[in-house]
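Structure record follows, encoded as structure tokens.
When the chains are written out, they are named A, B, C and D in that same order, and each has its own residue count from 1.
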Amino acid sequence: MVTRRDTLKIAGAAMVLAAAKTTYAAENTGVTDDKIRIGILGDLTGFAAIWGSGNLSGGTMAFEEINAAGGINGRKLEYISVDSESSAPKGIAGFKRLVDQEKVFAIFGPTSSAVGVPMLRTMAGSGVPIFISAFSSPLATNPPSKNIFRSGTLNDADQGKILANYVTRISSKRSIAIMRQSDEYGKTGAINVVAQLKEIGNVKFIEEQFNASDTDFTSQLLRIRQSDADVLVVYGYPAPSAIVFRQVKQLSLPLQIVGSTATTSRSYAATVGKEAVGARSMFPTKYLPEGADVEIVKFRNAFEVRFPDLARQTRPEATDQMAYHGAKTLIEGLRRAGRDLTRETLIKALEGLKNFETGIANASTFGPDRREGNRSAYVVEVKEGLGRMILPGEYSAI
Amino acid sequence: MRDGLVWMLWLAIAVSAPFFAGQHLLYNIGIVATTAAIVSGLTLISGVGGLISIAQSAFVAIGCYCAVLLNLHLGIPMLIGIPIAAAVSGAVGWLLGFLCLRLDGHFLALVTLAFSGIVHYAIINLDIAGGAVGLAVPTVTLFGFVMDSPMAIYVITVVASGLTLWFIGLLINSRYGRVLRALRQSEIAAVSLGVDRRSLRTMALATSAVAGGFAGSFQMLQVTYLDPHQFTIVSSVFYIAIMVVGGMRSVHGAIIGAAIFVFVPEFLSGLETYMAFILFLLVTVFIVIMPDGLASIFSVPGRISRWISSRFERKNKNA
Amino acid sequence: MVETFIQLMLGGVIAGSVYALIAISLVLIHNGTGVVNFAFGDQLMAGVYVLVFSQHFLGLSLAPAVAIAVVVSGLFGLAIQFLVMAPLRNRPVLIPIVATIAIGAVLREGIRAFMGPNAWPVPFLLSTSPYHIGGVSIVPSDLAILGTSVIIMLCLYAFFEFTKYGQAILAACANPTGALIVGIPAGATTTSIWILSSMLAAIAGIVIAPLTTLTPDIGLIAIKGFAAAVLGGFASLPGAVVGGVLLGIIEAMAGYYISSAMKDIASYAVLVAVIVFRPTGLFNRASIRKV
Amino acid sequence: MLELRNIVVRFDGLVAVNDVSLDVKAGEIHALIGPNGAGKSTIINVVTGLYRPSEGDCFFQNESISNRPTHLIARSGLTRTFQNTELFADFSVIENVMVGLDHEYHYGIVSRLLNLPRWRRNEKAARYEAFELLKRLKIEKFAEQKAGTLPFGLRRRVEIVRALATRPKLLLLDEPAAGLRHHEIIELNQILVELRDELGLAILLVDHVMKVVMAISNRVTVLNFGRHVATGSVREIRSNPDVIAAYLGGAGGHA
């Protein structure tokens, strides 16, 4: 007769035994003679799906193209998409699934800070090469982890710095107002804007915050009106930012608005309405997705053919564009790593990329201690008729 | 099926998992266990007690943040800090109950909703707690050993959530559970029999807060990072959905509900962006055809055997 | 100073009428069916997406697109009642409530997948150019929200006070058995409430969405509507409107006079205080249950 | 034992009970009768603390209970049944009774969680006593049946057992005979008399069923339109002209 106490004892002993067992991943897991397995990890559902679906479509397109062109050094890419559901626990689960169960060689993702930042410890400890194209928390690359790279997008530390430099230049009164979202995205951005403003010195600033789901910003804007600021930095998601842009005009505040990169979707100006005219935003590259640059047009046409369902939703967007650029950068790394592909050689090859151009986004540069591919940005302005154009001038965080 | 048999099933899965499961499955089982333990607090207050609490993620947040802050600022080891943090969470739950359970239990839903919001926005603005950016969770040390291997974390979290589930299960099957259920069925009759509804429900809310704070802290050991976005009103509502889909009358329902929300999405991952749409469509259908939750399948063998024995008795009578 | 205060009040009232629009419907469903409809925000969102879909993909002009959105939304309410609420009618109330959570998620995630996660532009019903009166700027499109919620409330009031059908619904809500005896089928009233409130969802959405930007997550605002309903006592339609406007004003005032960081904490704290110290809401008297 | 002094209850200006005084003596069955709307149920709700009297005071064993919470009134020995029965429908009969016994067989959370002997002993004892109580009213064979599935007559009886489980000194029965059949009423009478004579319980009985009231009551109080009409023995009440007038509907003027 086995009593309950006995079962518990046996259970305890078994657990201790199991705790001793650990698994080791090989250097070339996921690489065979004719295949390289890549995981695409991103938020396809939930609030952060904007970036995850772009990551998937851009990545898919680049991988399919290289396969159609014969693959990389005789190997085809085989990619597996996993949804992190805009949730940190699911992101870690998805990562473990790709590494442990799907045995992928490298991972393209994750796509949002809310998921990505909690995953950093797991990712860094795994040794699996990670290539990020979408999320912008500076924590992903600072401090740098050997295996985590990012390209295309602009991180919030760099963006904050660039924004601060830019607005100080255009503010004649050297007085800046900052409206930031209350969450991690807005906070990280604003911290860096403020830090750089202090660095520059002799600039006044006022900081207000709002929630992503707010609908009225009168109180914040009236507080800003009390100051003598002539430039307003808006660091938040598109939906609340659009209302801020509109209400600034409606309250007749004499402010030049400069939004973060989140305020640059193709339909953004239309969602704001005519009040968007004259507003400026940061953009992580000089190529607009709706623009006429050669590579962009090629990309856009191919995208619309490959994803008619997304084309209907006014895509490609900047997220698709950045992902496509990122995936191409990763492919270049794989190519340069040569036939003798291991995680070590891929990381070495990526570190060797200098000014790698795709004509889609800013060139990627990595180095032995540099994991951030793109560190510069442009400014986009909304014109009459709600079209937009890139203003001349590249702004660098270095 | 007998309650004990179901418990044996869970125990068998938890113990054998390290031998057959890879890291990914192991992690998922750990998440199921901790989520179930968090939800079991709700089972007590809502499923058994009939009150709606929309504060479970707030209690989880209080537990997690207390444990981590105790470690970062006072150097208290996580494994000691977590029970303290759970007690803090319980105290807050008690206070909340004390304030709003004076009168009708229905106000609990409303107060807890607002409370969830307050906790979320307070964390976002609390720079000592990392504010909106969040905080990395320190590693657990046990007798000087750093327990950060996936296996060690699995063992720690599964044991902790197993204990939570077991305790809540016992509580539900004690006189406390009985009286709470009585209050749910007829508040006026229970009170007229001398049941002190206020103190009982306050204790139930406090207990559910302890479960949330305790199991939630262990979940954070797996997630390794506290992001305020994990602790919103929406996540509180999500815990309620887990409870109902699994079955809200027993802790087994919490386990099943948590397992559904962890494993079914993976099973449906081929649907890509349409996954969540199909998932919640299935959940809606589940709720309509199995409103008692999936845990009600455990009562099927019992119902069959009762049906057989009743047929048998009737035959004997006839003979 | 005075202009600032008035401007602030105006902003609060506009935001508050958004909450009020939502609160009205939540109260309507709650009183009529006993269910707190967590899907309401998502129904509101989906209604606007139907409008956008009709305009962009079916090429309709605004008026027929609005009509289609309202009708489709009403039909969806009918579907909720028949496919979900009716089968769950005799279950503990938490189960239909969780069903509404699931329905909301179905709508939200379905729309996100089908229409994409990015924002869609929605046509403004009135001009967004402000009028300036003594230093205060007034925006017609903002006033549309306030106007709509007042009109809807008046319509509902008239419907329930002066029409036979409205009276029947009220009677059935107050006493289902009694209504049954008098010959009003209980199912019919809950069905009409679901249809009515779902149509209101689409209308509210169409008024609100141009100003708040249409994304699949716009329904989150229903949490505020819920809070407004609580503030108003969760019982009466005028209470819902006053609760909504009050919440908007509290937020605006707290945001300006305390700090923008405290805006939400302050408004939720008021909510807790109201529940703890005046549990029946600000505008209701206590009622006694008959044993 | 129970003493109501000049109780007035108003709801929104409507006077449900107007200046009613009443006393129930130890060991007696006291009936409270009157036409519909006379305020009988309101009195029970006031005594058990569900309503607060607008004026007047309520004493139980010489202590005021007017401001005591309901559950403490119950614990001080005053338990009620309900007009439409309020059983815990999902519970078995014996579990229903055990809720009544909850306070008697108390054990702490800790002793349950640590599996201390105390909880097992108390659960066992409670179950045993519940069963004995069911036996007393001869319904022990339904002990394991779900309360919600019982016929109405049995439900009433379970409710009485459940009330007895709290070890009351005074039992308040709200229309215990309503809806019962003839033989059930006779059994009920027997039970109530037994409870009075064997346990020494005082019983306050609210009912219209005269077969019960007139057969077993020691004293009767008559209410009409919330006012006290008369108190006395069954015989006195039968011959009281005010009572007759009240029942015939013509006694509005009496104060």
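Brief remarks follow.
Throughout what follows, a residue touches a chain if its C-beta (ideal position, glycine included) is under 8 Å from a C-beta of that chain, and two chains touch if they have at least 3 such contacts.
Because the structure is predicted, anything quoted here is derived from the model rather than measured.
Path length between chain A and chain B in the chain contact graph, taken as the least number of steps between touching chains: 1.
Central chain assignment: B. Criterion: smallest distance from chain C-alpha mean to the mean of all protein C-alpha atoms.
The greatest centre-to-centre distance from chain C, using averaged C-alpha positions, is reached by D. Centre-to-centre separation of chain A and chain D, using mean CA positions: 70 Å. The mean-CA centres of chain B and chain C are about 31 angstrom from one another, to the nearest whole unit.
In terms of their C-alpha centroids, the spacing between chain A and chain C amounts to 35 Å. Rounded to whole angstrom units, the spacing between the C-alpha centres of chain C and chain D is 46. Counting partner chains per residue, chain A has residues 45-46, 49, 53, 182, 211 touching two or more of them.
Looking at chain D, residues 50, 82 sit in touch with two or more other chains. In chain B, the positions touching at least two other chains are 121, 125, 188, 273, 276-277.
In the complex of the two chains, the chain A residues touching chain B come out as 7, 10-11, 14-16, 18-23, 44-46, 49, 53, 56, 81-83, 85, 87-90, 92-93, 96-97, 99-101, 114, 117-122, 182-184, 186-188, 211.
Remark: chain B residues 167, 170-171, 174-176, 178-179, 181-182, 185-186, 188-197, 203 touch chain D in the complex.
Remark: chain B residues 8, 11, 14-16, 18-19, 22-25, 27-28, 31, 121, 124-125, 131-134, 136, 149, 151-152, 155, 158-159, 219, 222-225, 227-230, 262, 265-266, 269, 272-273, 275-277 touch chain A in the complex.
Of all the residues in chain D, the ones that touch chain B in their complex are 48, 50, 69-72, 74-75, 79-80, 82, 86-91, 95, 98-100, 102-103, 105-107, 109, 112-113, 115, 119, 122-123, 126, 162-163, 165-166. For chain C in complex with chain B, the residues that touch the partner chain are 36, 38, 83-84, 87-88, 91-92, 94-95, 97-99, 101-103, 105-106, 109-110, 112-113, 220, 223, 226-227, 230, 234, 261-262, 264-265, 268-269, 271-272, 275-276, 279, 289, 291.
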